[in-house]
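Structures given as structure tokens follow.
Next come two complexes built around subunit A: one with subunit B, the other with subunit C.
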Partner chain A sequence: MDDLWLYAGQLLEGAWVTVQLALSSLLVGLALGLVLAAGSLSGRALLRRAVRLCTGLLRGIPEFLIVLVCYFGLSNLINNHFDGAVEISPFAAGVFALSIVFAAYASEVFRGSFAAIPRGQIEAAQAFGLTSTQTFFAVRLPQAWRIALPSLGNLWQSLLKDTSLVSVVGLEDLLKKSNMAAQATHQPFLFFLAAAAVYFVFLHASQPVFAWLERRAGRGFEARAA
Partner chain B sequence: MNFAPIEAWLELPADSVLEAWEGLVITLQLLCGSVLLAFALALPLALAATSGKAWPARLARGYNAAFRGTPLLVQLFILYYGVSQFEAVRHSPAWWLLEDAFYCGLLALSLNLAAYMAEDLRAGILAVPLGEKEAALAMGMSPFQCYRWIVLPAAWRIATPALGNEVIAQLKATALVSTITVLDLTGVARRLSNASYTTDALVMAGVVYAAITLVVVLAVRRIERRFGPAGRR
Partner chain C sequence: MSRSLLSCLLAGVMSFAGAAHAEDVVRIGTLSDYAPFEYRDAKGELKGMEIELAKTMCKHIQAKCEYVTMDFDALIPALKARKIDAVLAQMSITDERKKVVDFTDLFTLAPVQYVAKAGSGITEDPATLRGKTVGIYSGSSHETYLKKRLPKSQSGIAIKAYPSQDPIWLDLEAGRVQAALTDTTVAHEWLEKTGKAKGFALAGKPLNDVAMFGEGTGIAVRKGDPLRARLNTAIKQVLTDGSFAAENKKVFPFSIAPALK
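Let's look at the complex of A and B:
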């Protein structure tokens, strides 16, 4: 047990990297997911099909493989075309890989939630003279957000667990740090169990946040739910 | 099988297609094996969770929360690298199972998937209208008969789409066993990719995974039509 205290600082550093990685991927993934959802709802058949094919492919390939391809592929690409002038950090590659996976799933969620908004509301907004930008930010997005939140909460949980995959490409996240501690002390069981406990706490700590977001987004809908 | 002509035609290193084929077989074995084992474990877990008895329900809920609340990769590491720390485990009869990376990976994948499937089945069992159960008991069925012929078939129909999604997710989860030295499709792709200093093998493996996903999706859709709610046939 003494070893656990000795390496507690290292584990916390790793946990902080995990949190940063998860939150950055969440933000990039949400933005990218919205763009992809717009593409898959576009009136242009070619664009719509291309986007749906891409998101379908991304959802059919193991996340782990995507992380590997992004890390090794991006560094190869930069080495070959930019003469190695730019060093790709494992963190950037990790955020890229995790956020495209998140975006592929989130785009499906957003597609469903934008489609669930009654057509009449958009017509009403137009009749009031709102521009399409105003309609998007005042009518469509807030409602799609409310409908999408429960599914996005599930995606967030998967994302947080998937951050552990980047430890394989060398990013010193929570799992990598516990792996290093496990090898140094020959106590793999203790340190991997500690890592599992931290992931467990993170997942359960994020649940009240989503519950609050859902309550907030659902203002004015409580009466109907009851 | 002889893959030499294909390798020569695609200008790939010798035996690379053979290796990839063997990796694919291992991936499919892991997928089918873990789905069957997980379902066998998920059913008692779901029954325990819905039994209404405090301790079995608590145990099942704890199991599900533990396996759903932590990354599969960590579970794999605990099972493969972690438990070998203990002398007692290395001398136990179960050691042959944990020593072998394939069986260890299969065990971790099954234990993990069982937790997800148990939640789906639990939701299915809870969604069966109480009246159906009461009617079965009123007709003189024993509790076992009631579950065997009324509750479980209805729960299975309700849970099929969710279970199908778990199977699709499981195919992608099997890729993680390459981290504990199993040469599944991803493991072989990683080795070929390291040998050639390119990501071609990884990309090709991705295409193969996408193709298998498509096949599984179509198969699940067929099963859903076969067992799904009557109105959707």
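Let's look at the complex of A and C:
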């Protein structure tokens, strides 16, 4: 147990990297997911097909490979074609890889939830003279958000755990740090259990946030049901 | 406004890239979980025999060294992608690796040997391993050796590859693998220092297969990189001035210094 206290600082550092990775990827992924959902619901067949092909590919390739491609492939591509020596940091590559995968899954969630909004509401909004932008932000998005939240909560949980994939390119996240501590002290069980506890605490701590978001997004519906 | 912001960003990226490739900075790719050669202590500082020697060698070649840690499998791709300039991570010099990178002269020479339960009857003879599973570090020359020399279809030896060394010991204790194939240096660390290896021992004799395990380990650099010659001088220096022997003695009771040519 003494070793655990000795390495606690290291584990916390790793935990901080994990949190940074997960939150950055969540934000970028959500924004990108909305854009992709808009694309896959677009009236233009060509755009729709292209976007669906992209999200299909991203969901069909192991995330581990996407991380490798982003870190090594992208900088190779840039350096070979533009004769530069552009450095992509492991963190940037990690966030990029995790967020495009998150976005691909989230776009499907959004697509489903936008489709779940009755067509009549959009017609009603038009009848009230709302522009399509107004309709999107006042009618469609708040409702789609409410429907999407439970699934997004699921995606968030797997995202937080997938951050450990990024250690392959040298980012020292929670799992990598516990692996290092396990190696140095020869107490793998102690440190892997500690890492498991930290992941669990993070996920447990994020649950009230999602519960609050869901309550907030569902205000009108709960009042009506009561 | 946005254009000026963009050019600022670009300038930032360019200057950063420029700094990373300055002549006297050598970025050494290594591991963070391979005690006693390279590992992080409780403060997060990189320690170990190879790290200490690297610091000495960097002084000799008057270079400012930066250490970048990653998974073993990522080291050669990172070297080729110019993310690092040299790999110092107990990397065996093998023909397969020589196709993609250049190696310095020999740096360490560690025998390769099986570790198994004492009295299990397992030796270096493949026949004693028939029907058993051997654990190895993924991407290592030990893995290549088992795959090429003793394919399962002929030898009846199953292999299990792990992303780091510790799970191999865990599974050896748990009986999921009946033997581990590793460098005696790494085995020594587990057998002698953890207090958990009771009943386990080095099995048989060290394997002798120069084509597979190489003559030992070296520092890998990109093909044609003049850094190789500089590192060779530094290796010679630490081997002759006693600094290698001093670091060696701190971690192993036996010498892993190669014979000087």
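Operating definition for what follows: the second predicted complex is superposed on the first by the 216 of 226 C-alpha atoms of A that agree within 3 Å, B and C clash if a C-alpha of one lies under 4 Å from a C-alpha of the other, contacts with A are read in each partner's own complex, and residues count from 1 in each chain.
Heads up, the rule we're going with is that a contact is a pair of C-beta atoms (placed from the backbone, for glycine too) under 8 Å apart; a residue touches a chain by one contact, two chains touch by 3 or more.
Just so you know, these numbers come straight off a predicted model, no measurement behind them.
Determine, for the superposed arrangement built on subunit A, whether subunit B and subunit C clash or fit.
clash
Touching A:H186, do we find subunit B (first), subunit C (second), both, or neither?
Both partners, subunit B and subunit C.
Does the superposition put A:Q10 against subunit B (first), subunit C (second), both, or neither?
So A:Q10 only meets subunit C here.
Name the contact category of A:L165: first (subunit B only), second (subunit C only), both, or neither.
first
Quick one: is A:A195 in contact with subunit B, with subunit C, with both, or with neither? Answer first, second, both or neither.
first
Based on the superposed arrangement, let me know which partner A:P62 touches: subunit B (first), subunit C (second), both, or neither?
First partner only, subunit B.
Looking at the overlay, does A:F72 come into contact with subunit B only (first), subunit C only (second), both, or neither?
both
Touch test for A:K176: subunit B only (first), subunit C only (second), both, or neither?
second
Can you pull the subunit A residues that subunit B and subunit C both touch?
68, 72, 76, 167-168, 179, 182, 186, 188-189
Where on subunit A is subunit C touching in the complex?
Within the complex, subunit A touches subunit C at residues 3, 6-7, 9-10, 13, 68, 72, 75-76, 79, 84-87, 90, 167-170, 172, 176, 179-184, 186, 188-189.
Which positions of subunit B touch subunit A when the two form their complex?
Touching subunit A from subunit B are residues 66, 69-75, 77-78, 81-86, 171-176, 178-179, 186, 189-190, 193, 197-199, 202-203, 205-206, 209-210, 213-214.
Give the list of subunit C residues in touch with subunit A in this complex.
For subunit C paired with subunit A, touching residues are 13-14, 16-18, 20-21, 32-35, 39-44, 68-71, 73-74, 77-78, 81-83, 164-167, 170, 190, 193-194, 196.
For subunit A, which residues are in contact with subunit B within the complex?
57, 59-66, 68-69, 72-73, 76, 161-165, 167-168, 175, 179, 182, 186-190, 192-193, 195-196, 199-200, 203-204
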